[in-house]
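Look at the two complexes coming up: chain A is in both, with chain B in one and chain C in the other.
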Partner chain A sequence: MRLLLWWGGRALSSAVTLLGISVLIFAALRLMPGGFAETILGPFATPEQKAELAARYGLDQSVLAQYGHWLAAFGTGDFGTSMISRQPVAAELAARLPVTAQLTLLAVAAAVLAGVPLGVVTAVRARPGGGGGAGRLLSGLGVSVPEFALGSLVVFVVSRYGLQTTGYLLPAAVLSIFAISATARTTRDAVLGVLVEQHITAAVARGETPWFIIRHHILRNAAGPVLTLTATITAYLLGGALIVEYLFNLPGIGSYVVQAVGRRDYAVVQAGVLLAAAVFIVMNVLVDLLVGLVDPRLGRRA
Partner chain B sequence: MRNRLACGVAAVLTATSACGGGTAAAPGTPGGASADAKAPPGYLALADDKLPAGGALSFAVHIDSGAATGLDPQLADVATSWQLMSLVYETLVTVGPDFAPKPALAESWETPDPKTYVFHLRKGVAFSNGRAMTADDVVGSLKRLLAAKSVWRGQLGPVEKVAKVDAGTVRVTLAEPYTPFLAALANVPAAVLPMKEIEAGSLDPAKAMLGTGPFKVQDHRQDVSWSFVRNEHYWDKGKPAADSLSVTIAPEEAARVAAVQNGSAALASLGNVDSAAMLAGAADVKVATQATTDFYYLMLNSKNPKFADPRVRQAVNMALDRKQIAEVALGGQGRPTGVTPAGLPGACDPATLPSATGGGAAKAKELLAQAGAAGLSFTLSIYATEPAPAVAQVIQQNLQQAGVTVRIEQMDEASWAGKVYGKVPAPFDSALSWFAGYADPGMVTTWWNPDVAGFNQGFMQADKDLNALIARAGATPAGPERDKALAEVCAKVDTDSQMVPLVTRPATIAYRADAVSPSLYATEGYGNLLRLVADARVKRG
Partner chain C sequence: MKARMDKAPMDKARMDKALLEVDGLVVDYGRARALDGADLRVAAGQTVGVVGESGSGKSTLGAAIGRLLPRQARVEAGEVRVAGEPVLDLRPAELRRLRRNRLGFVFQDPIASLDPTMRVGRQLRLVLGREGRGDVAGQLARVGLDAARVASAYPHQLSGGMAQRVAIALAMAASPELLVADEPTASLDAQVREKVLDVVFTLAAGAGTSIVWLSHDLPAVARRCDRVAVMYGGRVVESGPAAAVLGAPAHPYTAALAGSAPAAAAPGVRLRPVPGRPPVLTGPSPGCAFEPRCPFAEERCAVERPAPVRVGEQDALCHRAADLVGELEVVA
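Here is the complex of A and B:
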């Protein structure tokens, strides 16, 4: 019963959040300066052409009616039609999803596989001279370097030597620098927090090996913030890695939505933003569940 | 994104979009910076026809054709769209490297009197579906264009009648003589469409392209890529030299630079002033600057009290240093211009205009004081696409010399377009954009008549005298008399100073000399980098 109530509460709060976001994005687009007509018909368009375009996409109706129609259609999986390509938005999003998903998968895998061990190592070697300082410096650098700077450098240097920048490895590597660094720093902080707890001292006193202690006593207890961060990075990247998509010319979801903002292609932006928000919400729910499984104390608190 | 206007004004949106800007080699070379020392006059490069035909070409451009009007060439108003559509569609006439009209789908033509054009159609022309092109297609296409709400309708002139004379002949009658008629006919919106299929409803030209051109579309993903293959029915045997052409849409300049460097694209359009330097030293990469007739212009909103007094506008115009704009903002690749684009035969000399001989910043200060506008301060609205911000900064510095304070307001293109074109009267002080210059010096002057242009009614007052001068220049046959008429238009536009022509806008191209042997005109009027792509040879092995 308690679980049911919990699920019900989460579902309701998620729905309310999504609804709020739908209002915000819908209103924001219409409040933005520069209307769709001047943008996608160009300055030479006659008033009749503008009216015809508005009628074709239902943009001549009241804003409330437009919102109602959009939301109702969205609920049935109809995300509308792009005013530029005249294709269903859902089809184009589906075509671009594999690009974004592969980038996300590679970057997140790198973050977990490299960031977590790095964080643990820098934490357990946090004593002076243990090498933890170098790790902190590197991860600090990784978090601070802007994606556009790192990406531009990688694209230029790699292509200058005649090497291809196509494929997903390089862009995923650029994305993963931040993800690995952030994961390493969060892991380090979490592990440091656990290391000072009494049960670790007890385990050391019992003569347990360092690896055993890390695996059984530290990782599980430090998992909460790391899982939360991983979920946030995953959700963020699934919404589209705009800069990397542009630099490596990958047709992912980020560049699609941003180009649509530039053209005031309402249906595309609305669908893209709302889906990205939905992904965030779902990821948050999932991570709450996962954290509860890994560390039941946190699950009870949730 | 943007990028979009060669775009007519459209330049705007597309501005950024539309046509890449750029810079590169030899400063100030009027005919562009040659990539090929052996290229004949009028060409930046000439394809080596000793290379075997066949193979696949891959190009990277910064923006796709993207408008609510879809793929209908008659409604396309930006150069980036014209460029892609020109691979599939052809016109009755085209332009040579010297801007002179050349036969295309019309093998020849006669002008028995200044108001009549008789076109003799080329035999053996077929659409890519195999159906032969007929005089009915030609007549139907022109009639459709005349009836369309198309930008190009305004450039086509006073066409009174289009009629089929016989199966191979079409006659066009004008109400008045109109010298730019053939140049206007040479651009993609005047292409011959498959009218039989359109009228039967089997082809929606907004959704699919079917033309007589060298290529046909195999695949298109909006904003991602185009894939073209040879049109087996193409009339010019032996062309296109390449079997296929893939065009990747890469909005980010760094991605296009990388594509040329690593060979994934054989040719790319560039927009950033620094890209040529980035490519310096890259093995087998050549960078060339194609001069264009496109030019930047400054809009001074005369419906705004700040610029209602012509003396204030003239003072601003006088204080501008066009040479400095060309040198500093465009890396020496642009040229000062009047309203008749520099580089076109018959264009006026900008150095002789009142603003150039008026006395510069000192005189501008005096003029402002006389107009009660000493210490003038205004906002210059620009879009973010390079090199517009650099042009704006030089303008800002120029005007500072005359005691004028300019605040630069940088916006995204859509917001900029909304502010400049969205309302009448327009709610801005001044704005910067560029026009395509086309292939005849009288064509772009049409946009200085707000009654014809329409888009500038929010910020420009019509001037009957100027409109009459524009019409006279359009009706006067090419020659010294017309040059004089065009010079009068230039001077009047300069004095009027509502839309102030500044400098021409170069286009930069990078290509792999080990992958392609392209043909490129030294100067382009319609923003069409792919104009001679059917001649390009693929280098292999």
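Here is the complex of A and C:
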């Protein structure tokens, strides 16, 4: 019963959040200078032509009426139609999802497979006062170098030597640098926090091997922050790794939405942003659930 | 060990059976000195209460027995031997084997010493599986717990007393030769304390396990332990049979400590706290660390480190121990 209430509350607050985001994005798009008609018809179009185009897409109605219309359609699962391609937005996004999903999967897999072990090893081998100099510097660099800088560099170097820039490996590698660094740092801090707990000393006192202690007592206890971070990275990338998709010319959701903003393709931007927000919210709920399962002390609170 | 036997030939019987030997152990945390040449000797099957004020070095001594000192601790000098094995010099694999087979530890905060993410039954199975003996239910019953209820619980769902019983079951699963209990009842309610101590001492007696019990609780130590070691300023200043040490102290500090214990005072009589403050050492104490607080101090007490003196049945680190026989009294 309590669980049901909890889920109901989460669903309701998620819906309210999404509604708020839809209002924001709707308003922001309409506030942008230059409308759809100007973008499509060019600078020499007559007012009559613009009015006709606006009427065709209902852009002559009040913003409130437009929003109500859009929301009603959205409620029935109709994400609208791209004004550029005249295709349903849902189909257009679905066609681009595999690209973004593969990119996300590669980067997150690298983060978990490389970042978690790196974090555990550097934490377990850390010496007091040592601070883990080199590793900290490297991961700090990885977290703070912006994707556009690293991405541009990679694109430049690779194309300079006439290598292939197509495929997912390079863009995924660029994204991985950040994902691995962030995961390794978070894991290291979480493990260092667990290492000083009394039950680890108790396990050491029972003569358990380091590997046994890591496997049975450290990983699960340190999982909370790492799971949260991984989910955030996943949601962030699933929403479209804008810059990297754009740089490497990958036809994913990110580059599609960026393009749509430029063309004032309202329905596409609205659906794309809302999708990214929904992914974030769903990931957050999932993580809360997972963290509760991993650490029973937190699960009880819900 | 040979050298020791030469020094005290009449103690040959006791020395032969020494299970734990701590010799001149010096441990620093950064600039602070926690142990300043501590000696402790425990024979097989003995129960020893280590008492002293907070900061006297009890916990450091207990941790050093299993080489469980925190990372910032440095051993400057001294030796720890368990069943003749040099604990501080063992290779990691040998150290693990020693901890598994010969040592058991119980800590002050029972709930924190269990893995919070694992059900009690699973934690026990992890340890028992390795030992290949006993079932979870049997182990829990041994420490007086209802297996059906406790095995499926998480540590945070247990009371402190129940959690400490689980921790005792974990520590005693391998029937160690020596159990080090660092104030195992300090965080428990008064009524639960005695029951938990009953469990510890009954299990240990059954398995022939020696106990080193680090405690504040002088009367409880007097009731339960064969021997007492009194710590002050990082040294064991007096040790011997419990009744002798606490009944007729040979060291002025023991007398002061015994006088300050609540049970020592008759109803309506004021407790006598030990005057002054415990020392904070940053290096070797030049003389006797108790000298500034000692009513019997002489000139040499401040400048000359006292050597062990045999007084009656106990060993004391006091220049004046021989003169003070019969002078020290415990208000009772």
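Annotations for the structure displayed:
Convention: the second predicted complex is superposed on the first by the 296 of 302 C-alpha atoms of A that agree within 3 Å, B and C clash if a C-alpha of one lies under 4 Å from a C-alpha of the other, contacts with A are read in each partner's own complex, and residues count from 1 in each chain.
We adopt the following convention: contacts are C-beta pairs under 8 Å (C-beta built on N, C-alpha and C of every residue); 3 or more make two chains touch, one makes a residue touch a chain.
These figures come from a predicted structure and were not determined experimentally.
Per the definitions stated earlier, placing chain B and chain C onto a shared chain A by superposition produces no clash, and the two fit side by side.
After overlaying the two complexes on the shared chain, residue contacts for A:207 are found with chain C alone; chain B is out of touch.
In the superposition on chain A, A:149 makes contact with neither chain B nor chain C. Judged by the touch definition given at the top, the superposed model places A:220 against chain C, while chain B stays out of reach. One geometric descriptor of the composite model is the angle centred on chain A: between the Cα centres of chain B and chain C it reads 150 degrees, in steps of 10.
Of the two partner chains placed by superposition, only chain C is touched by A:295; chain B is not. When the two structures are aligned on the shared chain, A:158 is found in touch with chain B, with no touch to chain C. Looking at the shared chain after the overlay, A:39 reaches chain B, while chain C stays out of its contact range. When the two complexes are overlaid on their common chain A, residue A:199 makes contact with chain C while staying clear of chain B.
Set against each other, chain B and chain C touch different numbers of residues in chain A, with B touching more. Once the two complexes are laid over each other on the shared chain, residue contacts for A:109 go to neither chain B nor chain C. In this overlay, which is a superposition and not a single complex, chain B and chain C have their closest Cα atoms 49 Å apart. Within chain A, not a single residue is touched by chain B in the first complex and by chain C in the second.
Residue ranges on chain C touching chain A, taken from their complex, read 66, 68, 71-72, 95-101, 103-105, 107, 109, 112-118, 126-127, 154, 156, 167, 170-171, 174.
Chain contact summary for the complex, chain A toward chain C: residues 127-128, 197-199, 201-209, 216-217, 220-221, 294-297, 300.
Those residues of chain B that touch chain A in the complex are listed here as 1, 4-5, 8-10, 12-14, 60, 66-70, 77-78, 149, 151, 206-207, 221-224, 248, 250-252, 254-255, 257-259, 261-264, 278, 282-283, 411-422, 453-455.
Residue ranges on chain A touching chain B, taken from their complex, read 32-35, 38-46, 48-49, 53, 82-87, 92, 95, 151-152, 155-156, 158-160, 162-166, 246-249, 251, 255-256, 259, 262-264.
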